[in-house]
Amino acid sequence: MAGVTLKNVVKRFGSVQVIHGASLEVEDGEFVVFVGPSGCGKSTLLRIVAGLEDASEGEIEIDGMLVNDVEPADRGIAMVFQSYALYPHMTVEQNLSFGLRMNGNPREDTNRRVQKAAEILRINELMKRRPKQLSGGQRQRVAIGRAIVREPEVFLFDEPLSNLDAELRVQMRVEIARLHSELGTTMIYVTHDQTEAMTLADKIVVLRDGKIEQVGKPLDLYDDPANQFVAGFMGSPKMNFMEASVKSASNGSATVKLVNQGGAMITLPVSDGPAVGDRVTVGVRPEHFRAAGQGDCDIDLNIDVAEHLGSTSYIYANTKSGEQLIVEREESRSEVGLEKLTASIPAQQAFLFDAQGKRLN
Amino acid sequence: MAGVTLKNVVKRFGSVQVIHGASLEVEDGEFVVFVGPSGCGKSTLLRIVAGLEDASEGEIEIDGMLVNDVEPADRGIAMVFQSYALYPHMTVEQNLSFGLRMNGNPREDTNRRVQKAAEILRINELMKRRPKQLSGGQRQRVAIGRAIVREPEVFLFDEPLSNLDAELRVQMRVEIARLHSELGTTMIYVTHDQTEAMTLADKIVVLRDGKIEQVGKPLDLYDDPANQFVAGFMGSPKMNFMEASVKSASNGSATVKLVNQGGAMITLPVSDGPAVGDRVTVGVRPEHFRAAGQGDCDIDLNIDVAEHLGSTSYIYANTKSGEQLIVEREESRSEVGLEKLTASIPAQQAFLFDAQGKRLN
Amino acid sequence: MKPQSEMRSKSSREMIRTIGLHAVLVPLAIVWLFPLWMMMVFSTLPENAIFSAQIQWLPGTHFWANFEQLQADTGFLRTLFVSIMVALVYTVLSVFLTSMAGWALARYHFLGKGMVLAIILGTLTLPYFVVVIPQFIMVARDFGLANTWFALIVPPLFNSLGVLFMRQSFSMMPGELFDAARVEGVKEWKIFLFVAMPMARPTIAALCIILFLASWNNYLWPLLINNQPDMMTAPVALGSLIGLTRVSWGGIMTGAVLLTVPMLVVFVLLQRHFVAGIAAGAIK
Amino acid sequence: QSGELTIWSWNIAASSLEAVVEGFNAQYPDISVRVDDLGNQQVFDRLLAGCAAGGAGLPDIVSIENHEAEIFWAQFPDCFVNLRDLGYTEELASEFPDFKRTELEVGDAAYAMPWDSGPVVMFYRRDFYENAGVDPASIQTWDDFIEAGIAIAEANPGVTMTRADLNGDTEWVRMIGNEQGCGFFSDDGSAITVNQPGCVAALEKVKEMVDAGIMTAADWDEKIQANNAGTVASQMYGGWYEGTIRSTVPEDQHGLWGVYLMPSLDANGPRAANLGGSSLAITSASQNPEAAWAYVNYTLGTNEGQVTMLREYGLVPSLLSALDDPYVSEPLEFWGGQAVWVDILGTLDDVVPSRGTPFFGDADAIVQAAQTQYINGAFESAQAALDDAASQIALVTGLPIAE
Amino acid sequence: MRARNRIAYGFLAPYLLIFAVFWIWPIIYSFYLSFLSTRAVPWTWAPHMNWGRLWIDPAFWNALRNTLVILFIQVPVMIALATLLAVLLNSQLLKARGIMRFAFFAPVVVGEVAYAAVFRLMFNADFGVINKILTGVGLPAVSWFSNPTAAMALIIMAVTWRWVGYNAIIILAGLQSIPDDVYEAATLDKVSKTKQFFFITLPLLRPIILVCVVLSVIGTMQLFAEPFLITNRGGPGGATETLGLFLYRQGFTVLNFGYASAVAYTIAGLAIIISLINFWLGRDPK
């Protein structure tokens, strides 16, 4: 087992720079998830760790050793690919044992490891099948099994679940979490699905355009995002953002006017307060809205569409000036068919961002 | 505008029967959603309505007229396909007008209709683009636009959103709901996503293996499923099912023993009660579990994996005997890392099913 | 560990592989280009330079003289014209014929479809020789159509590969597209013409090139079915000159160049379609 | 008479047919004649194909080599006009030697009119021989020829004694075989004679020459290249090759060529043979058979026509009366003042007839293969090679092998 | 619906018409012809004549042997070379990719006649550039057209030159359909490039190589223009006479249509048998 350290890693493809100096510390045994929108460089960063791409600049250490020039196979890592990358012409068993066989690993040891991996993943009955004869979830298991038999110190996953359908994805997600707790190995996991990130990670790394935006525990990112991007990225449905301007700012709090809510005012607890007159953004998660009067600032909404899911409902609403908001409500059978709604913002759970998107607190 | 009636529709492909006598009444202007697992015959049924497949038996009426032998084009329907089915070599405008042009519709009328559809869907600026140059959501809009220009009496949708990513799917879902309220036309919509069904439908038709299992309003199906299949299908995460055996049954209530929860007993209000000794299944939705002591029957659980999503968390847990349960909890920062949990079942919100899966109430 | 020097060793390994790769490929490529180069060279030399004791590595200046002689003696331009016409008409007709058949086989269920498919697949492995004799007897003797455009163009129109090729292309298209048109009331032949055909454009482009090439280079059938100079295709005319003293080898090579260079230009311009066509034709 | 005529022919035969057009047009000014030079093999192939196609695309007049002729009358009697119907009377026909007529006439029908014949002689380069001190007159036997060849190759670096189309033809075997009185088939075409001693000896000699290095392979085309490049000292062919050499070699070789009789097996052996010789036939496809006949009759049936072709391209007339023309005895400058025609035509009387039959094509391919295999050592002896060939020919033709 | 499907016949009709007239009928007719004696004008029914002759005709066996020699030497060499070329041309390290591909793919568009003419000149025994090069480096000149072995070698070289690029294109397409990440996975498994080739690339290419082999078999069985034009009608003395050429000669120079038809059917039968053997040998194990 081993930790992974990145120091100022830069990656250029030709003249295009796609990773702009990423530094990161992954502890031994930690489950780290890279998230970020498509094209932000998650896969690239992971492939640099794997050694499939060379870093243009910077250092990569695994278990305290500089590995920039170590061959991928010698880094003590194993990787699971988005498309599984199973050898289509080999049976499951051959897929699992291929690497060991090719490197002259003793037969018994190979068999033992394959057997163990198969048990961990419950694919014993599939050993004689070809990848084509497997379902998506089974393929995914075999791909993970192939990583397990290497007995690596670090597991790398590149969007391993994105080719599965929703139900299977949830199921495999739980299995991967279980695998991590069983093996206790360091894992680095790439996804663009924030739910996966929230549910799997010990530590989430949010990337954006080749830069690391924030690193932290899932709930910390949820509760305490560093900026508007992270705030918007974590949580589903997305956080609502409302334009506002600062009316007054005192030590430890600021009063802002929600310009699109007919001038409703709200006072938020911020210490590094903004200047009066600044354009700011107020962020409220759909699940944090309260019933009328129970928060610190009531706003009136016209309901566009209400989605009733049984236990909760999402209200898609707009304000007089057309700003779209989503409000989560506990399901109430009596509210079906309503046209208007008054929601209230609790100041403690609202966020304030400056014009550059930086979180103010 | 028109209603659609199916009477004992049967469909066979060769010797395989895939629709087993479906009868259904769709009211004028209603939004009906067909849901069911993959392969249950949703698309087939829809294509029978469209006239793209012949019914092997039974009658299809649209607007009171028998249309079994009417060509698709003459049934007054329009269809939106899962893959959008846009003509890739035509611009958006040509896509919209193609059918009208091919049938010799007067130029001005065609233009007027195309113009109107474009406005409804806000795709005016895209008219000169090719489908390749459009995003998924825009393509979906064009596909709907092509249906609109036909000015049909019935819209048919076959999983129109399943190729979109999660975020866009939510957005388009809202748009389709808005479209229905604007046009007021009869719509039949196929999906296997129960969230879509719940949020869009006036009436949901649940299919399973070519048979209609239940028809009803979304929240009625959620609150009052006819059988275990429907109960399991509606709601996310899925309802938990626990094996039980009937210990005593009186008029209006029955006491059952949860065989896998260490023999915990619960008394449920059922009138058409089962006999003592019957094997039954108790169903509880994840969101209906209460905190220990607050329901009618406490059960002790070992937590496998806890997924913390910020505002709610899902606890994947198992009981001593290994039965898997999912419990939804309001997020509490202090509960992270717990290993055990006691949850309580509220008798009012639990369901009882007999050995055949039929709901007892 | 010194990262810099390590890095050099990694890239130097790559260097060695690059050199090895080119050490194999470059000489092979030269060998492969050599006949083409010699064709160009020969076409620009007078007879006595071709049959001289020295190797002529570089082109001379005799191209026009060779061409004029070739043209004067054989009317080679006429044969080129015949070849072009035949190839063009053949390609257009064949594309339509095979597309229509491919469309029917891809998109409809009808009685006898399995049999038609089996026959088409069967003829793929059937050498052309099995039919060439009766085809010749029939077209030439029974129909009396030797030396006609018809004879040059129509009998070779049967082309299993093209049908399979188009069928594959059409069946890869999402069926919903055609259902959409049907729901809109578009007639089947209009669907074929205005929806399916335009969508198959890349395939058709590849097919066109393959068909054109096949016709352009066809040798046996035009050799058999024509005996009149003014209906000869260029390859047949050129083939008949080999071994004749009347036209110099320089002239023959000029003819070969005229046959080859246009195809090479097309190849370079449309390499992507070409390669795709050949690959798809074989792989299905 | 008027009209347009098209003729298929090859090489100098074609050229000579063009050469008589002027004289012909003096008599028939309204008949225009076009000669297509397609090459020997092509004319045969296309004519067969055309006849098989019911005459489609055929010209009015075609040249047919005598020994290949019979397959046409056997397979496609309707493809050609019976010349008897056009005025080719028995009287006229009797102007030609019998051995030229047998292959062209079936019963009462005459399908073609004899044209030239190919009395075989050796064409040689005087300068190369002189360099080696070889007197052609001293070469009487093939062994002499081989000896001379070795000497000539030594004295003239890069020069080979002779070339033969060993790969695509049986010309040398046929020439020497004919000299020795042996052909593929008996005179009446009823038996296979290819394994008779004359042919066996011929094949043996060819191999001896190849083994001695004085003979290398070259087809028609390559022989001409060798002539022009000056890398060959002798070429043996029918008399018609006179015109080929004369019209193709470069200016600076004028006067350097000469002719002597083909050597024999022994000093007193026969030194005459025939190779080639053609005829002209009129196809049924002709729109204007009368005009075609007029041309054929002028070209082949008059001294004027025949001598024109002899003079221009060295085609040896088979019209007996043409042999008395004064041109025949003229010494020719090109040939270093030698009166070559006297020498060439002098052998005509000694030529033994040799029959092609309809199976010539089959037989020739088989003998060719046997020849190649024998030269490359696949057979013990020439006798074995030709016995094998004979049995193959028997298989293909159903004819018996002569005792 | 049934009406809609009936339209299919309309789409098929023109093609099937051509097929029926120019293929079906000839296939049947040539079968009939193979039972006729066609040596002289009234063709007569003689079932044994052609089929019987086939068995004992040394010229046919010679042609068959030559064809099989080409099949068993040229086809494997060419396929191996094509595979090698495809792999090399697919390399990321390749410079001047366009020119390289052009070099090997260009012969695909060169017609038989044009290249036959060039090869004849290049291999001319006295003046050909090949012999000049050979003697230039001190090797003996080769009589390409009169030595049976050399002539066969020449045909093999010519056919290989012409067709290797064609096969390389097909194999290259196959190569490119193998996803990169499979190789990346193997790299992570510490499988060397060479082993990757033998254990991943080759097995995955097998179906495509099989297609190439079958196409080449069918092509070889029909080989005609090269020996016809380059080695001057199968010379020397039939040493390069292929089945295709033999058939041509029987059909169109000695005009024995019946025998040629029997030969044609034999060629077809052999092509099918050899193709089936190929498929059988190359079938997916299990």
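Worth a mention:
Letters A, B, C, D and E name the chains as they come in the text, with residue numbers starting at 1 for each one.
Simple rule for what comes next: a residue touches a chain if its C-beta (ideal position, glycine included) is under 8 Å from a C-beta of that chain, and two chains touch if they have at least 3 such contacts.
Just so it is clear, the structure is predicted and the values come from calculations on it, not from any experiment.
Least step count on the touch graph, subunit A to subunit D: 2.
Contact with both subunit A and subunit C is made by B, E. In terms of Cα centroid distance from the overall Cα mean, chain C ranks first. Rounded to whole angstrom units, the spacing between the C-alpha centres of subunit A and subunit E is 57. Subunit D and subunit E have Cα centroids separated by 38 Å. In this assembly, the C-alpha centroid of subunit C lies 16 Å from the C-alpha centroid of subunit E.
A straight line joining the Cα centres of subunit B and subunit D is 93 Å long.
Counting partners per residue, subunit E has 124, 126-127, 232, 252 as the residues that reach two or more other chains.
With touch defined as above, residues shared between interfaces to two or more other chains in subunit C number as follows: 51-52, 137, 224, 243.
Chain contact summary for the complex, subunit E toward subunit D: residues 39-41, 53, 56-59, 62, 124-127, 143, 145-148, 151, 231-233, 235-239, 249, 252-255.
Against subunit C, the residues of subunit B that register as touching in their complex are 47, 50-52, 71-74, 77-79, 81-83, 85-89, 98-100, 102-103, 146, 150, 158. Every residue of subunit D that touches subunit C in the complex is listed here, in rising order: 11, 36-39, 41-42, 46-47, 49-50, 52-54, 56-58, 219-221, 224-225, 228-229, 248.
Listed in rising order, the residues of subunit E touching subunit C in the complex are 4-12, 14-16, 18-19, 21-23, 25-27, 29-30, 33, 85, 88-89, 91, 93-95, 99-122, 124, 126-127, 129, 132-133, 136, 161, 165-166, 169-170, 172-174, 208, 211-212, 214-215, 218, 221-222, 224-225, 229, 232, 244, 247-248, 251-252, 257, 260-261, 263-265, 267-268, 271-272, 275. The touching residues of subunit C, when paired with subunit E in their complex, are 14, 17-18, 21-22, 24-25, 28-30, 32-33, 35-36, 38-39, 42, 50-56, 97-98, 100-101, 103-105, 107-110, 113, 116, 119, 123, 125-135, 137-139, 154-155, 157-158, 163, 188-189, 192, 213, 216-217, 219-220, 224, 235-236, 238-239, 242-243, 249, 252-253, 255-257, 259-260, 263-264, 266-268, 271, 274-276, 278-280, 282-283.
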